[in-house]
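This structure is in C-alpha cells; I'll ask about it shortly.
Order of writing sets the chain letters: A, B and C. Residues in each chain are counted from 1.
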Amino acid sequence: MAAYDWFFDLVGLRDWCDTDKTQGAMSMADLLAKANGAEATTAWWDVPFPSLDTLNKSCGAVSRTRDFTVSIEDAFLGVKDNLKAVLDPLTQPLSWMLDGALSLFVSTPWWLLIGVLLIITYYASRNVLVTIFVALSFFLLAFIDHYTYAVQTLSIIFVCTIISVLLGVPIGIAMSKSNAFQRFTIPILDMLQTLPSFVYLIPLIFLFSVTESKLYGIAIIMYAIVPVVRLTDLGIRLVDKDVIEAANAFGMSSRQKLFGVEIPLALPNIMAGVNQTIMMALAMVVIASLVSAPGLGTLVLRGIRNLELGVGLVSGFAIVLLAVVLDRVSKASLARINTAHSQ
Amino acid sequence: MKIKHLKKSIGAIALLAAFSGHSQAADCGEVSITEMDWDSGRVVTAVAKFLMEQGHGCTVTVVPSASVPALASLAETGKPDILTEIWTNGAPAYNGMVESGKIEPLTEVLSDGGVEAWWVPTYLVEKHPELATLDGILANPELVGSRFHNCPVGWTCQVINTNIAKAAFGESGIEDFIHGSGETLAASIGSAFESKEPWFGYYWAPTSILGKYPMTMVDIGPSVPEIHECNSMEDCATPKVGAYPKSIVTTVVSDTFSAGNPAVTDMMRNLQFTNTEMGELLAWKEDNNASADETAVKFLTDYQDVWPNWLGDDAKAKLSALIK
Amino acid sequence: MSQETNEQQSTKQVNNVNAKVIIRDLFKIFGDNPKSGLEQVRNGVDKSDLLEHHGQVLGLRDINVDIGEGQITVIMGLSGSGKSTLIRHLNRLIEPTAGEILVDGVDVMTFSKKQLRELRQTQMSMVFQKFALLPHRSVLQNAGTAMRVRGEDEDVINVEAYKWLERVGLKGVENQYPHQLSGGMQQRVGIARALTSNAPIMLMDEAFSALDPLIRTDMQNLLLELQKDLHKTIVFITHDLDEALKIADHLVILKDGHIVQQGEPQDILLNPKDPYIEDFVGDINRARVLRARSIMMPLNGSVPAEAQGQVDHDDTLESIIARSGGDIAHAYVVVKDGVPVGTLDMTALLKSLVPRISSDAGVRNY
C-alpha cells in the first residue's frame, strides 16, 4: 500500500489513476523492506510529504518529478533551433574578438607585448612603483615558462572586461533612471552571480559548438558583468542631489546632465565596479577552462586531475599574481581620476 | 601512523570476535567504498553497498571519487577501504602501487573490460561508409567536421589520443580539440546527435552515452602494447597509430581490509558485470530516467541468477527473502 | 486671501513697475493623491488636519504674488513655511498642484520640456544655499555653465566668465576647484555663474544662509551694489528678517504655506496685520530699519521755520537720532532729491521705535 492510496480512493480518482500506469522503478526502501520480509509500512509520523514521486506510487497518472525535468529538457530541445538562429549571429562578434585577441597577444613577441603593457600601465596609473611591480611580475611568469598561458588568460580577461563594461555601464545607467527597471534587474543580477555556470553552459553547448570561444566568453561575462552594473547604478544614484538640481535649474537636457554631471561624478564608483569586474573575470578562469578556454586555467585543471600538486599550486598563484597586477593598475588609475575630481 | 595502529586494533578485535563464535556477518563494522562519478561506477557501488549492508551488516560510507585521487588516497592513508571501477589504463601509478603491495586488486569488476576507442555517429557511417576506418576519415576530413574531440587535459587518454593524432593526422587539417571537461565532451556528442551533425572523437564503454547514442567504432588498426605504452607518455619520441587495448577495470582494496574483513572481500572478489549486463542496465537506466539506486534495485530483482552466487552462506541466508 | 483682484492683465503694476512674474492661486500638495488633498484644502482643511487625516502635506495654499521687474522680492518665513517650495515653482523644479505662473505674461505651465529648458537657460538663473557647484569643474568652467548649456562658443564663454568673476571679486582663482575655496568664495562663484547667464530673473534660495555673519553682510552689500547697475528681477528666499528688511523692495511673509502679509517692508513693520507678524518683527532693530519717509508727516503748506535741519527721506531713524544728539524737542524737514516733502519730529520718531504689544496669540510664548 503506498502512502497516499487512501486519498485517491477517497476522492474517487482511482479509475483515472489506473488508466495510465507509468509506474516508477522500485525504490531502495521498498527493496529493503522486502529483504526484511515485510511490506513497507510507515509509522504515522513517517508519512512522506505528498511530493510528485510519492503521489505517483499511489496514482500512476500523476507524473513523477523526473518526468517534469525531462519535459523541461524536451522543451529546450524543441526551441533549440529557433534560439540558435537568433543567438548564434548575435554572439558571433564575441568569438571573433576573443579569437582575434588570443592570436594577437600570443603571436606578438614577448619584448613588444610586455613593453606595450608597461607603457599602458604607466600612462593609466602615472605611478612608477606600480609599473615596476607589473614588469617584475611578467618577468617572473615568463621565467617559469608560464608566459604563454598567462598571456592567453590576459587576452581573454581583456576582451571580457571591455565587453562587460560596454554592456554593463549603459545597463547601470538605465537602472539608475528607473526604479521599475532596477527592481526587474536586481534579481537577474543576483541570479547571474549565484547560478552555477555549468547549468546554463551545457545547454549552450547544444546551441553553439563547444569549440566556439564565445562559450567561455559568455560564461565569464555573465558572471563578471554584475559588479560594474551594480556600481554604475549606485554611483549615479549617489550623485549629490544639489548638483543635479543646479544642473536642472540651468536648463541642462538629460543628455547634458548624464555626460556633463552624472557620469563624471559617478566615475569613482564606476571605476570601482570595473576593478571588481576584472577580479570576477579572473575568478572564472578555471571554470572557463572547463569549457575549453586556454590559459592558466588549463594548467590548474591538469594539476588537479593528475594530482600534480606543484603544477596546480604554481598556476594558481600565477592567476593570483595576474589578479594583483590588474587590481593595482586599475586602482592606481582610479586614484588618478579621484584626484582630478578632488572629491 | 596512528590510523594504521587503530586499524590494527580494529582488525584484531574483529578477528577476536570471529574466533569467539559470533557470526562473521555481525562484525563487519564500518566500510568505506568509492563511488566514481560515471554511471557504471555508480551502479556498481549501489549494488555493493546494498549487499554489504543487508548481507553482512556493514555500516557503509560512500565516498564520491575518481580513479587517480582514490588510488593516491588508498596508497597514502589506507582509506577508502574499497575502490570500485579503477580504470587502470587511465591511472599510470597503478602498476607501481600493486607491485609495492600498497593496494590489492581483487577482480576485474567489468569482466569484459572497458572499451576505449574512437567513434563516429552511426548515422554518419550509414551515409558515408568509408568513415568507419581512420584512412577513410583522413581522406574526407570535412565529412567529420575536420575536428577530433579529445579527452580533457589531465586525463591519460588525452595524452594517448594526442600522440596518435600527431602520428596520423598530418596534412589532413583535422583539429585536435582538447575539451575542458568530461561534461563538455559528453555534451558535444548529445548536441551533434540532436542536430544530426558530424562528430569524431574518443569515448569509452560501458557508459550511458554510448548506450543512448548509437556510435560506430572507428578502425584505427590493431592494438600493439609497445606502441600504446609509448603513446601513454607525454614525451613519447615516436608516437604511432595504435588502438587501445582492452581496458582492465578492477576492484581494489587495501591489504588491511582484506585481512580484517574476509567475508566482504570474498564477495567483492566475486562481484562482476559483463558488458552485456552493464549495457542493459545502463540502457534501462537511461530509458526510465532512473537513479543509480533504482538501477541497483532493478539488477537485484531481475538478475537473480547472477548475484546470489557471489554471496557466502550466511549472507545468502540473510537475503533469502529477496531470492526467489 | 488674495491681496490683489484677479484681473487678467498681462502687464500688471506692482510698486509702480511691471510685474515680470505673476503667481496666481498657486497650490501645492505633497502626497499620493494631491488632487483629493486639494479638494480638502479648498474646503478649509488646514495643514495639520490634512496630514493627520489624509496623509498629505500642504506645501502651499492660495499664493498670489507679483514679482516686480528690476526689483528684489524677498520671500521669507520660518522652516516649513513653504518658501523653498515656492521659489522652485518659478522654474518648475517643483510642479504645482494648481495655479498659474506667468513669466512676461506667458503661463509656464503650458511649456513643453524643450520650452521649459529654454526658459531655464535664458530667462532664469539660480543661486543655491549649499552653492551646488560642479565639483569636477574649475571655477571658470562653473561660472560659464549657463552659456555652455546654451551651446555657445568656448572662447566667448570664457571672456564673459572672467568678467563676472572679477566683478564679484574673485580675480585670480579661475583655475582652482570648488573644494579649494572657502564658503564665501564658493558662493561668489555661484553668483558669478548666475550673472554670467545674463538671465533677467535671478532666483536666490537662502543664498547667504550658510555663510558666517560677517561674510553674509559682505555678500548682501555685494548684491545691493550689483543690483544698482544690473536691475535684475531678483526673488530672494531667507528666514532672516534683518536680511529681508535690508535688501527687500517687496516683502512676502509666509507661514504654513500661505501668505500672511506682503508689501513694502516699512509698511509691514509699521502696520503689521497679524499677531504673528507682530511677533515676527518684534525683535528687530527698528531704528536701523525704519526710514524717515515712513514716519514723516507729509508737508502741507510751507516749510516750518523751527526745523533743526534737513534729513533725506531714506535716512534711517538711527542716523537721525545720532544727529539730534538725543534731544526730543528737535524737528527736521524731510527732503527727497532736494525737494522738501515732509516734516519729522523726534517724539513721533521715539514712538515708532516701540512695536505694538505682542499678543498671546502670537509667535512668542513668554
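The working rule: contacts are C-beta pairs under 8 Å (C-beta built on N, C-alpha and C of every residue); 3 or more make two chains touch, one makes a residue touch a chain.
Predicted model only: the values in this text are computed from it and were never measured.
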item	value
Most centrally placed chain, judged by C-alpha centres	A
Chain of greatest Cα-centre distance to chain B	C
Whole-Å separation of chain centres (CA-atom averages), chain A against chain C	58
Chain centre separation (chain B, chain C; CA means) in Å	90
Intercentroid distance (Cα basis), chain B paired with chain A, Å	33
In the complex, chain A residues that touch chain B	24-28, 30-32, 34-37, 66-67, 70, 77, 80-81, 198, 202, 205-206, 209-211, 216, 288-293, 298, 301-307
Chain A partner contacts - residues on chain C that touch it in the complex	91, 93, 116-122, 124-126, 128, 130, 132-136, 145-146, 149-150, 177, 179-180, 193, 197, 203
Interfacial residue positions of chain B with respect to chain A in the complex	46, 50, 54, 68-69, 72, 147, 152-155, 175, 177-181, 183-184, 187-188, 190-191, 194-195, 288-290, 293-298, 300-301, 318-319, 321-322
In the complex, chain A residues that touch chain C	240, 242-243, 245-253, 256, 260-261, 264-265, 340-343
